[in-house]
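In what follows, chain A forms one complex with chain B and a second complex with chain C.
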Partner chain A sequence: MNASTIVANRPMGRLRKSIFHDTGSRRAIVSLILFLVFWEVGSQSKAWFGVQLPWIGMVPAPTAVFSAWGPLLLDPSYWQSWWQSSYRVFFGFIAAMILGIPFGLLMAVSKNYRDTVFPVFEIFRPIPPLAWVPAAIIFWPTQEMSIAFVTFYGAFFTVVLNVIGGARSIDVRYFQSARSMGANGWDIFRRIILPGTLPSIVIGATVGMGITWEVVVAAEMISGGGNSMGGAGGGLGFFIWNSYVGGSYPQIVVGMISIGIAGYISSTIIRWIGSRATPWLRMR
Partner chain B sequence: MNAVIQSNAFEAKQRERNMNTKGTKGAIRIEKVDKVYDPEGAAVKAVDTCSLDIGAGEICMIVGPSGCGKTTLLNAIAGFHSISNGTIYLDDELLCGPDKPKAEPGPDRVVVFQNGALFPWKTNLENVAFGPIMQGTMSKKEAFEKARDMMASAGLNGSENSYPGETSSGVRRRVEIVRALMNDPKVLLLDEPYRALDSLTKSVMHEALLDIYYKNKVTIFFITHDLEEAIFLGHKVVIMTTRPCRPKKILDVDIPHPRDYNVLTSKRFRELMDETMEAVHEEAMKAFERGEKEG
Partner chain C sequence: MTNPTTTVLAAGSELNEERIVALLKRTAPFEPLSDQRLREVASIATPVYLKKGDLIYTVDERSDDVYVIATGTVEHALGPSAQATQLVKIVGEADVIGWAALLKNKPARLAKTTCLQDCEVLRINGQHLIEILAHDEASGREVMTCFAKMLMNEFTVPAWLSQVQELPRKVKVGADGLETANLTGVSLTMFRIAQWLKSPRPYLMLLGFTIFIGLWYLLSEGWHVWRFDRLPGPVEVWEEWTSRNPVYGISLFTPEYYTHIWYSVRRIAEAFFLATLLGVPFGLFLGWSRKFREYTFPIFETLRPIPILAWVPLAILMFSGTETPVIFLTTLASFFATALNTMLGVESIDESYPRAASCLGASKWQVFRHVVIPGALPHMFTGLQISVGVAWFSLVAAEMVSGQYGLGYLIMTSYTMVSYPTIIIGMATLGIVGYITSAMVRIAGDQMMQWRVRELALGGSQ
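Then we have the complex of A and B:
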């Protein structure tokens, strides 16, 4: 008789087993419910117990948030905010990948190139993307392009650093054995360096995607979210800012959760693509 | 079914014929080779006037303490590193010498590395088919067909479409040897390929290697620091001095091939062990006292 059967034979063990049934999704649901309950109780603390809990007592309650969310779901301008932030993230992210991957590979492959470019790269890297907002507004003809640029900038350095790190950590034996089996320079690039760097590219993309969401929202708030679109049409960042200015606090939280969901969906997509691009890592 | 039996019988006959004959290509002649690392600075002499003749189709086992410079020698033959002095010939053709310190790496001398160098992003089958496709000697289809055949005859059916990361280390090592043999090399360079394996897997791998050898008859240059392994496998065992590396003692193993595990308990095997143990131990002590690092 092993440990697990002992547990299963005890009444509590059986109960626990039937509730949780070893599925992660059940745990996720339970933790979400607990979180919402805690939040509701916390923000209603003044009305219910007469004592306002610090910090959480000032946050709109989930019931208020959801009742503000309901009508928004039918409001096209809310969905337009989603759409606008999403395509800014998409373009900034794609641009960061398209420029960042070759840039990083070049730095990894060519010492001359690395020696020349790396110092400049390292000076630009610590500059926070948001510090670029004013300059970007001045440089780029449209506000849309300014936001896209800042978004791109946020993801670019992460992508590049991951590519360099990934390419340079490829085991030298792979190059040696490929060479001795008759591979030429291009073969080695295509069949060793590229697939060898792919796992790091996926990591860079996942992290970079998170950064683009952080950056796009802040950029939308600061730049006013593209006034040419009119009103609340300036992306989720502007949606939050507008709710703040308009004093509808539950909507702020709606905007925040929307970003959370959007970011989660984006990372899931990247992870899905990534695991298909690197099937040899899937079984681990 | 019938065809399988027939081909097995054919194979067995062919093997029998092959057992006691050596191959005809892949003789290596190493003449007075020196290798000095960092000649301007630290000037570490890794190999010192090393001369060695390895016959075509011979299994030559190189035994020496860690860090003695035996891998340097292998890298020189493979064309990964240059030599400082001397010459190395393969079948009387110059590999490297005074005017050409570094040999060109090529498919006639394929290395099987210490910790394995199968490409993790390719399936085992794709790994095995890699060489001929790269060299352009076969179409993709032909290469995959031959790869499948070779894997099957090495008892590796079933792991073709797995990735190396999904297969056991013993299978991986065999796949890597098959991958090397796909290139129809003259010489197989093995750099302590079984070092990371447990002793049970290792004994299976030894017999698998001999099996592959009896079918293919390539010259094998095998680095190890396991004397038992060396005598069990080799036609010739070369005991190297500690750094700088040079042959200290060359032992002709007169136990006839084909060998199997009964050899290990035979009287002759023990005699040969006793004969060489002292030489190996002496060098190991020297290396230990000097605190040589792995390499």
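Then we have the complex of A and C:
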């Protein structure tokens, strides 16, 4: 990044120097600490000054959050929530990829197919995934399946649109030259369309993963806790909702941070797989 | 176009009337004309003999004449202002050049044409040609349509240029009662619609919708397939939606329906307005000032991966009432999208632009106002479009969990009250209203970024 990182060559020294001498990371640390302090002071304003600050005064303080987090780390039901949300995200996401990629590729390859299907696809797109929750609960036999469906629906559109966009952005000359050198339809698909769309599939997958987490949390809240649905679906969304209903407010923030971490980890995994799948992009 | 290397006519032989008529007959736009008309056209055509390298006309000259090439090949190089799909092209025998003479506003020449070989060219005065074409309305119009079509294929011309000259119309109402349309903007639009109707697209679209609704009907109401029979079918939904006495209380004729729509739209408008007001300046500063970014972006990035819906309980705790938490959640979602995209927009600006501006003496504020803001606009509007979508997404979720009225609330309560058709009505309404709002943002963006619209049209990307 800058000279100081090059000068320091001892392993520990390198780390220390890069964190404390790089203005960017130093400022990041300063700002995060200030943020935490502000949060703490704001939340404790009533206890410390007797005056409750608006809005922030109602938020549980960071110290309370971390002390609530400690025991939870040993609580199997907390990890159970992690697991439940993760596998819902995983299945919804995989389903969206498995159905969405061929669907999008087919639309990119065949004009007639696209003209037939795309308008119908387009009228579904503006309907937010969450609006499907009741219909999904009515249709699918188990609650698990309805959550999985809504999750799938959330990621599906992003994946499909990215596949189409990727296929359309391929230079026409590639097709022309391949054809003039005697490539058949399969060769063109395998050697041009697939690698050509792969980068946008990766982008679609990363964005789709983010949406999946959004949807899962909401679906768990609505179907598991929110209303008179009955039945505890579990998962981190439900964990948050349950903490709210049970009045243990610091746990709400624990749940929020946990989902943030989970979402971050999963998009990192997707990005890693993506960069493995498209090695030619790493060269740039 | 024709292959430029085949010269059918033997060079050197005189261009007599017979040959001219034969030539015109093979010239694409004149095909519809009868022999008699062709003879008339031939009578006003002046043969011109040119040497290799001669200039027929050049950019910005007056355009009075149309040229038909009899022999030889001509290079037709469009000037930069022409906005053509292809700048240089070689034309040959039986091709027409210089049809700017037939355009409504008689623009100056857009191209430079040079003979690549010794050429024989027919010069036809545009005004006279139009007069001849006006004699015979039906085929005359066909010729003009031909020109219009060529024009559309080869140029992305500005609107003021794209109109072919109107044929002077003989008033002819009565006998056959057929009022042939003018070749004005309206008829060009009609022409495009006609072309669209001739292509398979609308029919395939219709087929797609038919398959979708047919499947839905058969699965739910027709055959009562397992599980699908629990969903309301299209007929049931449609009857409920358009009924004056809806079974479940919500239809196009009940005021509650519009109350729900109004609540949702108002919330979206408020949240979107707030998010834009906060997000755009925030994003601009994030992209513009390194210091500001290094201090605030880490917090932004820490909060962003937390799904908006996870904020619901906290929002309810922080804000009293049912309305403010919903607005807060919706605003938060839009804010992230807007700010992030605006920042990306600023970062996408070519570094040499602000540098060049400062070199030319622009102050910091001027650079910000005239370089950074317009440069970030394209990304910003992408962000705003995403932001509207995200706003609907979180609004529906927030309304489902808390809040009163609104389409999300309608869907949720319809579920609890087992009025299933209303769920579908709510979903469809959400789709329509959501589509309209994002279309509005897109149109506003196109209005503000005419330069970009033009750029995209030139680049030919969709």
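By our rule, the second predicted complex is superposed on the first by the 243 of 284 C-alpha atoms of A that agree within 3 Å, B and C clash if a C-alpha of one lies under 4 Å from a C-alpha of the other, contacts with A are read in each partner's own complex, and residues count from 1 in each chain.
One rule holds in what follows: a contact is a pair of C-beta atoms (placed from the backbone, for glycine too) under 8 Å apart; a residue touches a chain by one contact, two chains touch by 3 or more.
Values in this document were obtained by computation on a predicted structure and should not be read as measured data.
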Notebook entry, point to check: Should the superposition on chain A be reported as showing a clash between chain B and chain C, or a fit?
Noted result: clash
Next item on the list: Identify the partner contact of A:124: answer first if only chain B is touched, second if only chain C is, both if each is, neither if none is.
Entry: second
Note to self: By the touch definition at the top of the document, which applies to A:214: first (chain B), second (chain C), both, or neither?
What the structure shows: second
Margin query: Once the two complexes are aligned on chain A, which partner has more residues of chain A within touching range, chain B or chain C?
Written below: C
Item checked: Touching partner for A:252 - first (chain B), second (chain C), both, neither -> second
Notebook entry, point to check: After superposition on the shared chain, which partner residues are touched by A:278: those of chain B (first), chain C (second), both, or neither?
Noted result: first
Item checked: Of the stretches 5-13, 131-139, 167-175 or 239-247 belonging to chain B, the one that collides with chain C -> 239-247
Notebook entry, point to check: Which residues of chain B touch chain A in the complex?
Noted result: 78-80, 105-107, 109-111, 113, 115, 117, 119-122, 130-131, 134-136, 163-166, 179, 183
Notebook entry, point to check: What residues of chain C sit close enough to touch chain A in their complex?
Noted result: 200-201, 204-205, 207-209, 211-212, 227-228, 230-231, 291, 294-299, 302-303, 305-314, 316-319, 389, 392-393, 395-397, 400-401, 407-408, 411-412, 414-416, 420, 423-424, 426-428, 430-432, 434-435, 438, 462
Check: Touching chain C in the complex: which residues of chain A?
Finding: 23-24, 27-28, 30-32, 35, 55-56, 58-59, 112, 115-120, 123-124, 126-135, 137-141, 168, 210, 213-214, 217-218, 221-222, 226-228, 236-237, 240-241, 243-244, 249, 252-253, 255-257, 259-261, 263-264, 267
Item checked: In the complex with chain B, residue positions of chain A that touch it -> 171, 173-174, 176-184, 187, 191-192, 195-196, 198, 278-281, 283-284
